[in-house]
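This report concerns only the one structure given below.
Chains: A, B and C, in written order; residue numbering restarts at 1 for each.
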């Protein structure tokens, strides 16, 4: 990759990551949320891999960390949902994913509103970002298709 | 009229799946077909002259129900896009592995199973 | 009791999902821990299912009331299928402890296995059409990966065909969901049933229904849409074949067809006629093609197509007796087809081959496999007093009772063909004399034998279910009533 691409990547990787985090965090007020924001966060790491080489990309966000964040994000999602069974009150009591963080009236449409939704968005953002980065890295940087290769292991598979 | 364009996109994808000789082209045609289906789903929720379904401190229930497009198909399409992404990753990994084993991307040569 | 079952319903889906992710984090390099976690989860699911028998419930996720929120519905039909999934899943999880020892990355296998169980449980308990679609995709993607697990030539090729056809059918199902949402304005199945009953089945709804039948017939492998099954089921590793053929094609195929036809769209003569003809076609084509196979697992795969034809014929009859026959055959087939696939896997584990010409005399070398395979073969062929005999008898009696004498005759003929090819397998693989190249085979390991004995016991136990009466077997009569109760409230 040419010098222009590398320099611009070094400047832009921070703002792209920040923009993705903004979309994840404000997911309950503006369009976006976990899925879209997670894709943008993954894109910032993929940009590093594409422009600066796979070694730099894996140094920033290693395969093991991505795999753990992948499963960990969804486990946090399920855990928050399961907590709703115990902590939710009122008409949502005793149900999975019941809302248990109360939102006072005057704080509607601000960042700290929306009940459990910001927490769920953050967990989803973590999961989608690490899953997408893992898919990209495994398919391009760690495996090269060669005819007649005889391998034993199975591919890294992720769920939807 | 615009629904028939969605149907055309789905049919183009279907033709690609049926008539392609390479595994990667089959994968791309499947993605085109899924795009057509998502467009159809989004169009079902569309309202002529509607506003985006975003609630702020000035909207009421009646204004929301009367003026905005339907937000439910948008959520359905988001979910379906992510599912499609998972299946796409799996299919591309399978194409890579098939190339390792058979040495070709050509579907007519990957035919050991018959009967 | 009511609040207990309310807490339990989402756990059917959340527990295998959470353990699947836990295995990814904790048991990466430690396959023994993954085996323990997976088996403990399946045992917990069996206990939860047994606890939930007889209870029904409607669960609102997050407390949101019905037309707005996502529901999970547990009724007698869901109970029956959950029982099938968890019993077969537990036996297969036990079996895979020994069978998968020669594969690497076993942690991934158990994660994918539990994801598939999550998907199936989610489809069974879904009260909302899009929730059903999402869990259908979860189960399907997990099964695509599991079919390709060993990365041998046949597995990859079979999995690629399976993925392409499966994605095609999922796209058709999504178009049908879009059409139904556009017409009725809701995705909740109970609410949708009410709207469809008001407006009646006009042209767009008929198109949506046709697309649903096409899409779900792919998943069930009914006959014009069966092309993926004879490649995918034999090529997969044996425990995966048992799960796919035993429960997946039923939980995401026949169960959803039954729900859509009986509980959502409302029964009509043309719909039932379509199901009857699809059933007869699958029965005949599957049975005849199975008789000519030389590979033991491919024979069993075609036999699955044939038996699924029996079930869909029973569904298409529409009478209570026909539905009892179809549902009884469903749970019977889960038991004995999984047992037969596990037997084939044990044969392959010991001898290294699946071609019938090269096998012989395995009764002496693999006694547990031989005995359980005899029970399985007698059950599927419909020999009294095993469970297959009772369910096929009920379906044939229901055909005669509704006046379809031709269909009954065809069903009897295909039962005889089934007996013929099962006897062929028994004779060639188990009873003849041992070929010279195959002395000193290793016996099947203990856990594999235990899993096969478990499923064989299940087969024999199910043949006692008919003691409740031919029209109302234990648990199946209640399930049939859910379907004949008609459209949701």
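Keep this in mind: a contact is a pair of C-beta atoms (placed from the backbone, for glycine too) under 8 Å apart; a residue touches a chain by one contact, two chains touch by 3 or more.
Small disclaimer: the values here were computed from a predicted structure and weren't measured.
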Report which interface contains more C-beta contacts, comparing A-B against B-C. B-C
So which chain is the furthest away from chain B, centre to centre on CA atoms? C
Taking the mean of the C-alpha atoms as each chain's centre, how many Å separate chain A from chain C? 34
Per the centroid of Cα atoms for each chain, what is the distance between chain A and chain B, given in Å? 22
Interchain centroid distance [CA atoms averaged], chain B/chain C, Å: 28
Residues of chain C that touch two or more other chains: which are they? 137, 141, 145, 148, 151
For chain B, write out the residues touching at least two other chains, lowest number first. 83, 86-87, 90, 94, 97, 102
Can you tell me which residues of chain A touch two or more of the remaining chains? 151, 155-157, 159-160
Which residues, counting only chain B, touch chain A once they are in their complex? 52, 54, 56-57, 78, 81-83, 85-87, 89-90, 92-94, 96-97, 99-100, 102-104
Per the touch rule above, chain C residues touching chain B in the complex are 130, 134, 137, 141, 144-145, 148, 151-154, 156-160, 163-164, 167-168, 171, 174-175, 177-179, 181-182, 187, 230-231, 235, 293, 295, 298
Residue set of chain A touching chain C in the complex reads 67-68, 70-72, 74-75, 78, 81-82, 84-85, 88, 90-99, 151-157, 159-160
With touch defined as at the start, can you tell me which chain C residues reach chain A in the complex? 3, 6-7, 10, 14, 17-18, 21-22, 24-25, 28, 59-64, 103-105, 108, 112, 115, 137-138, 141-142, 145, 148-151
Chain B contact footprint on chain A (complex, rising order): 30-31, 35-36, 108-109, 128, 132, 135, 138-139, 143, 145-149, 151, 155-160
